[in-house]
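Notes follow the structure.
Note that the chains are named A, B, C and D in the order they appear, and that numbering of residues resets to 1 at the start of each chain.
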């Protein structure tokens, strides 16, 4: 495996991972809701970058179009409609700060232990990702499409029904109390 | 440390082509946009029985440079308690999105920044969808009630027309079978038929949706509304405003090139495979020679000495480009030995492909500008109604019909040109459905003729 | 919408009560251009006040002048000579076309069509050139004098007017092509700002606004003045009284005016251009009300004289002021974008509204 | 040659930040945003494993998660708007009445 593809992969991964974590933290801590929305967008774009690094291009573009271009636009719209100044003045942070710390510590300990122990188990070891150049891999979007419509057709239909229900729900919910 | 420098060296020599192309695009684009604006103003003036910018340079040719300098040195006002971070970020975001979308385009077979990524068109559409944030945040950051209203309106318009545009693209992609830009054009080359002819309704829907998506012509409501004054762009001045301006025009170019790639056969000559029409190859150089001669005839009439020099320079430029275009064609003619001809093949492919692509994109842009001068503006609720009630159902039904036509085509194993036999009835059915939707629309409108137009915010 | 708003044809402030996008109520605040013209009239002699009249409806100055001069002539029981009356008619009709052209250009611009504005101004330029040749001024012409005309018609007047009228026919065709069948123009104007005939009469609206609602009332036919009784022309009448009908009525009026001009220049009678009126005018004490058909509607002058050189009172009835009352009724229930179209279709000029 | 652990740690980090966001923030919109963060964390793990075993199923499942996130965001925001229109507040604490 030529050195440069290896180096490149790691550089890209660390770059996007850093952005994702930092902007996620900022999303949660920002006082102004619009700023947290912007940082969430950066976090989502960073995760899209990681999908790209994992050679999942179709997911990369779906994440950009659907998540960032769709859902986040909804969020920003609602933030605009809900007049901010009322929300900003109110206290943003609940008092359960310690409860949150407790939960996250417990979670971190649990998963950390699991990851650490897999490293220790004899023989199997930490499975290593084979970084392959693009051309060797089957074209990603075709593969996703083939499996989506061949082996996972039923979930696809269920998802469409789910989306339909959500659409109707959102419309009814947002309708003016006429 | 040694490994790092060695890796970066290898990285550079493997990816130098896209880097250079990217740099070229980012550097040249403001100039191109400047001259597109000049052409637009000249065209508008010509249609309105006046002359347009004539003062700076001969026939106003230096006007864009004057505009750029003016915008750079104009004072940059930030409304008092506006949100500094977001106020700076918004225009950058919209320009960034537009320029990033440029990366995905395939201008010639050789000239493509992101070397054939296999989600080509999807990448371009997805990234240009990010521009919405630039508009919404820009409107919000300048915290004046009017610009926020303008921003909300234009983003609502963008979102609703994106779906229609997406559906129309799906239609085109049905024929192409792949998402990758270069292979779409290849498919059009093999089938010898532009997809715009195979799916005319989809092309029409995409045309209308792309006009709405770039906030232009009859849909330029958000910034031209009389009481919203300049919509989300009101508070921005000087360089920031020019960023938005650049973003709008780059979006226009991006949308135009997506349309040309998918519906008008990218860089293909009008009749690529019919060899007895090869004289079309001589058209581009002749056209440029004609422009050059025209410039030469105009030079003596120029008042100032420096303007004459400038006109001469323009004429010279036209002639050199004409020679560059003519070279590969001459090389291919029989009396040149085949060895040289085969060498010229890729060369010819690249240059002529580039010319035809730019020619089609500018024809598309001309149509944009032409619309802008002639027809009045839609009211916001009519605009939304057109989008939701007419365009989106029409494009969805069209996808359905084209799908059926494709199956029928493959069943009767029609190929290329013959596919028209299946797609024309499909398009006709689509048009009938469109008329039906319009009729229903008229009926529902008459029912509410009593009450005034429905209010989109109600 | 503040006074310096781009689309309110001058300084008009409209207070809109909005529910979301829809207009519930509106109130027009005027007075920003009030110059107290009527008060000034009481301290000026009859001839001295004539130039003030042009400054009122600066878009149709000639017809203002005509109204004032004829009112005073009525007071003096003096009749302008036939030659003067015919030339007055020609100039007033040209002024009507110019005013309608300005209305069409700005109205279309408000709704978004950029091109008609420049076509209209090109034609209007021709008319203003004729005025300039005749009386030296383009906009505030002060072309007429009490008792007749000041200046003899310059020799190529007939040829210029004829050339203009010939070219104008195809030009109207251009505007029609651009706008009349245009779906978006129809969408923006059909059913917008409806004023039913009964309401129009109740408000006292006159001119194209009244005729578009279906009431066939035109002072040139009802109480002919100047030389209108000698010419044949129709009065265009609308049906529903919406913006589109007012557009059609005004376009037809331009054609009719063109016909009148053509008929008029065929035989301009020879003879004096000024009736025998002394230098110092002392009309007998009494009062007179004289109305003419200005491009915007019925422009009335109510003059009371107390036998001295200066009028006791000059009351002017401007058509725009009266038509503006219909604004609130028309705008109610429409969207903010339509408010702009409604202001345009009323064709108000603030100089006339505020006096 | 990136051991999968890196991706799992990244997913874990985002997951934890999301949970903290959900728990500590009072503004309902930010809570919804943190939920989006959590879903993203899950997506990263899924795609990492699908890449490890070369099977595309993981990415397809991630696709379904994104679709579901869209549906959930749409309905959630609809509820917020309806709620905001009645009670003029967006804070989670004040959403205490089931029927008002």
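As a working rule, contacts are C-beta pairs under 8 Å (C-beta built on N, C-alpha and C of every residue); 3 or more make two chains touch, one makes a residue touch a chain.
As the structure is a computational prediction, the values presented were derived from the model and not from experiment.
J.: Roughly how far is subunit B from subunit D, centre to centre by C-alpha average, rounded to an integer in Å?
T.: About 36 Å separates the centre of subunit B from that of subunit D.
J.: So what's the Cα centroid distance for subunit A and subunit B, whole Å?
T.: It comes to 31 Å between the two C-alpha centres.
J.: Counting only Cα atoms for the centres, state how far subunit A is from subunit C in Å.
T.: 66
J.: Using the average of all C-alpha atoms in each chain as its centre, how far is it in Å between subunit C and subunit D?
T.: 66
J.: Which subunit A residues touch at least two other chains?
T.: 58, 77, 140, 176
J.: Please list all residues of subunit B that touch 2 or more other chains.
T.: Expected reply: 458.
J.: List, in ascending order, every residue of subunit D touching at least 2 other chains.
T.: In subunit D, no residue touches at least two other chains, as defined above.
J.: Mapping chain-to-chain touches, which pattern fits: line, ring, star, complete or other?
T.: Chain contacts: open path, no cycle.
J.: Tell me, which pairs of chains are in touch?
T.: Touch list across chains, by label: A-B, A-D, B-C.
J.: What residues on subunit A touch subunit D, complex-wise?
T.: 1, 6, 9-10, 13, 17, 20-21, 24-25, 27-28, 33, 36-37, 40, 43-44, 47, 50-51, 54-56, 58-59, 62-63, 66-67, 70-71, 74-75, 77-79, 81-82, 86-87, 90-94, 96-97, 99-101, 103-104, 107-108, 111-112, 115, 118-119, 126-131, 140, 143-144, 146-148, 151-152, 155, 159, 162-163, 165-167, 169-174, 176-177
J.: Which stretch or stretches of subunit C touch subunit B in the complex?
T.: Where subunit C meets subunit B, its residues are 1, 5-7, 20-22, 108, 110-115, 117-119, 122, 178-179, 182, 184-185, 187-188, 191, 333-340.
J.: Which subunit A residues qualify as touching subunit B in the complex?
T.: Touching subunit B from subunit A are residues 2-4, 7-8, 32, 34-35, 38, 41, 57-58, 60-61, 64-65, 68-69, 72-73, 76-77, 80, 139-141, 176.
J.: Given the complex with subunit A, which residues does subunit D contribute to the contact?
T.: 1-10, 12-21, 23-27, 29-30, 32-34, 36-37, 40, 43-44, 47-48, 50-52, 56-57, 59-60, 62-64, 66-75, 77-82, 84-85, 88-93
J.: Inside the complex, what are the residues of subunit B that reach subunit C?
T.: 44, 47-50, 218, 221, 224-227, 229, 372-382, 449, 451-453, 455-458
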